[in-house]
């Protein structure tokens, strides 16, 4: 199995591409075949993921695993094909694989207009290539390429299969992210040249960047990386692309966007920005924390002003990612563990909420909460699942959301050495107030969508309860939410050793 | 059993899933699973109780603080250190001697498993069984079991009968988890689980917006308090040296290992959570609205779960509060003040209610005020004992009210009256509950309330004792009013009321028995004297520092006199039809007072109208406006500016200058050609003349040139 | 002094010729005017030749003979063209002949 370890990550990244190529040569009329190919591809990819999970060394080994010797790629600029995973990347890689599979399953009979399953599924597979690649890349150029690969399929997904205002949303999403990427690549190049133009390798830079870069320059470089990642997260005030993109995107797009794409930004912070420039991160941390708590309250207020269910869920992402960023900003092991947990939990929970919203839209052709109501009477199972997701999303202990929220709040009480305690304690209190707001907007949404009695306009409309693709694609997420909520060690056990490496460098 | 106490919550948790997934297919729609589970839990907690009674402590390292010292002007401060020094025997006067040998305190039983680990901090999930947990488990099991029995009849035919029982199971699980939790984080699980279940059960009939609003209100209000819980747990976690363990936190707080600032912050934060959950002033407003749920749920919420969770938290982390607020070393502290205020304001509100459940709801708030005040003045055992007795008679009263409403299909006391005739069993049990609540000798409430008042008086909180006595008088009076309006006079409703079936009356009778006899458990000179106190107090807790007091006949007589007097006056007014009719029309102060009370001190207006309305309305809209117009405006503005500058560049630079040059050269050539074309007329002579003219010009030039050069 | 008269004659003839070429409409007359110009040049050549000694005199006369020969040929071709124009257009008015107009 030695060969497998060397090839596992490459397979995990490029297998979906193979699937996509196969689908390209199949005529578009063969819908059934396309679905099968996409399903087989994603299942196989997840299979590789499970094998990686099984062969992962959970013990003391804290470095990269499944990392073959780097191969030359673009030798002129010393960019290499270097991959590998550790405890931070592994959960996210699996999340990406699982979500893609479930999205393909959900798509079985939920293709949005203008249909065209071939193109739609190919886009999903290419998205998976980009997402998986970003999580395993250990070379900045490679990372950047995968980071950008994600953009295009999502652009088309929103622009072609989206809602009424899709063009605007797609362009906004694309340009906004590209703007961040431009600053990010500047940061990458600055890192490259400031360390002697030797390598783009992340492990190399982690070792050499801190010592070789002037602190003032490091602050600027961090700023560039910050912009690139913060837009993707998205942090207040760079979030305005998110509600539009989510509202206009097809259900599948929203799910992938919320569940995986947003994590690319936070992952970038933990993988690149903080380990490479810990001192700059330390200087920036109070500002990041401040923006994070503003995002928490602000996202919640944004939610309360919504009348569209999907837009509300989109705004809630701003608030939830605020907790993740608060956790990261504390620069402590508790905080960053909470952040990674929060990323996974948010992926499961908000992914679920978007699935439900998509199914509600399928049935009612509207998400206007003024027109909805009494979902529990029309489709009781879906209504209860919506309630469950709301509870998970507001951070109820025993469900996954709690472990992203509470440890972040806890960590803010006692941030990394050298960070202002009174400031972070203020953040802690604000973040705690945010939990009440979260309960407020989520339950308010639940009340207006699920409780009460259906409006008269739906008299005589037969509303189906859940279909089998919905069961198949939702149950794993629901089970994951409960399992992670009750046994947080499932995730902490994986993430903690890798995070200890990250936090050890801070303040040194 | 004590080591495997986790089985109890596990049973109800399993029962929840079973009912949820299989309940509808069973003959009794899932209620049998719930009943069975709770029956087993009751049995197991009884077994655990007996094991606890026989569970002996290895050694007792301390003796009780001398009573007399505490009684002298209430300065227990001087006595407590003396006791720890082992000089208690000399310091204790003769009448306190029996306590030194009586308090065989038991060591708690802990059991834990690895939960998760971050860095060097390992967090275990575990159970911590001590007297408090045992009493809680037993009480919750009893009440929950009886509520299950009651519900089988009361809720029969309900549209969501199965869901109802599933929620009951989960609700009970939440309380079990909370009371057996060995760390604060686990406690938080149980705490929030109850919040969730109360949301589900209060909003059980969610078709009505009124009910779902009440559910939301309950959840959000307690959640507001939970801000304090999150902050408090976080503070204690770091202050106590990275641990969530309750016993460790308590002992470190008492040892002075936690800085006073952190401790005070944590205590205040946690107390906010208590205020939210236990419906203390000023966050009490959700509890009366919570009456929107089914009546048995109200009984469960008010008697054994949910609202007492706050009191339980206070008692469980007593070391923190004790040290932070210098309880018994001060004459005033926030806990006692909030408790005292709550007693009075809630009791006052109970007078103006017309809905029988709301009378009881405000009564619960008032009684919780007693417990909180009791803890605030250092009467820990008294407060816990009051929780114990209150659980029985409040459950009894709620279920009794449910029984009446089952007969008359209304909760309005205007639709009742004269029910004594129609439902004698309900009547008599309700009377027992009312007297117990009023604190009438020798019923349960008397003993527990008396103990709190005694503690307040003797620990130097004389003012709070008076508050308590006033509260007792008010309680007696409003219960008299309630009983009169419900059971006496003429029947004012419609239809034909009848006594409820056995599934409803049997739980009432069981609870009535408890309400009569539960008080004797801590009565002096019975069961070896203060048997309950010895049961709940344990060796690791703060009881070393808490002074206890002998039963005082004077105090008992005083409180009896007050209560009897209040009942007498109320009865005289009501039964004798002597209530001043039209008082609110004639007297302005009375009218203002009534308006003030009827609007519940306008707190609801403040919360719903001002705060929530403000956040949901203007503030959220303003934030969204900011988002759409300022932030998005910036983005769109940038895009707009980019588009405008793009089109400007396109128009002027690209199309104008660059393309202009290219096109211009073409155009120029074309224009030139066009004008030159006119020269080529095709007429030879013209060409000739031009040729000649040109030559002539050249010649002329040449000539001039030559001429000049010469 | 003798030279001046010759040159004057040449100039007068040249001017008449130029006038004829530029002003007359009739193609034949234009050709004749061209002959006048050529002849004025011949006069000039011979006159200058006589001024510059023997060799020069011979050269001038030889040039004049050449010019006469070429002029004869030129008139032949020119008249042929005029004739052809006349055949095609039944006119020899040069204003009518503007096929080269751009």
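Every chain is named by a letter (A, B and C) in the order it is written, and numbering of its residues begins at 1.
Here, a contact is a pair of C-beta atoms (placed from the backbone, for glycine too) under 8 Å apart; a residue touches a chain by one contact, two chains touch by 3 or more.
Just so we're clear, the structure is a prediction, and the values are computed from it rather than from any experiment.
Engineer: Relative to chain A, which chain has the most distant C-alpha mean position?
Structural biologist: Looking at centroid distances, C is the chain farthest away.
Engineer: What chain sits nearest the middle when you go by CA atom centres?
Structural biologist: Taking the mean of C-alpha atoms per chain, the most central one is A.
Engineer: Calculate how many whole Å lie between the centre of chain A and the centre of chain B, each centre taken as the average of the chain's C-alpha atoms.
Structural biologist: Spacing between the chain centres: roughly 33 Å.
Engineer: Round to the nearest whole Å and give the separation of the Cα centres of chain B and chain C.
Structural biologist: 127
Engineer: Just the number, please: Cα centre separation of chain A and chain C in whole Å.
Structural biologist: Spacing between the chain centres: roughly 99 Å.
Engineer: For chain B, jot down the residues that touch at least 2 other chains.
Structural biologist: Residues: none.
Engineer: Going by the contact rule at the top, pick out the chain C residues touching chain B in the complex.
Structural biologist: 18, 21-23, 30, 94-95, 97-102
Engineer: What does chain B use to touch chain A in their complex?
Structural biologist: Going through chain B, the ones touching chain A are 114-119, 121, 185, 188-189, 191-193, 195-196, 199, 203, 206-207, 209, 212-213, 216, 219-220, 223-224, 226-227, 230-231, 233-235, 237-238, 612, 615-616, 619-624, 627, 631-632, 635, 639.
Engineer: Which residues, counting only chain A, touch chain B once they are in their complex?
Structural biologist: 172, 175-176, 237, 239-241, 298, 301-306, 333-334, 337, 374, 376-377, 391, 396-398, 406-407, 409-410, 412-414, 428-429, 432-433, 435-437, 439-440, 443-444, 447, 450-453, 487-489, 492-493, 496, 500, 503
Engineer: Mind listing the chain B positions that touch chain C in their complex?
Structural biologist: Interface residues on the chain B side: 677, 680-685, 688-689, 692.
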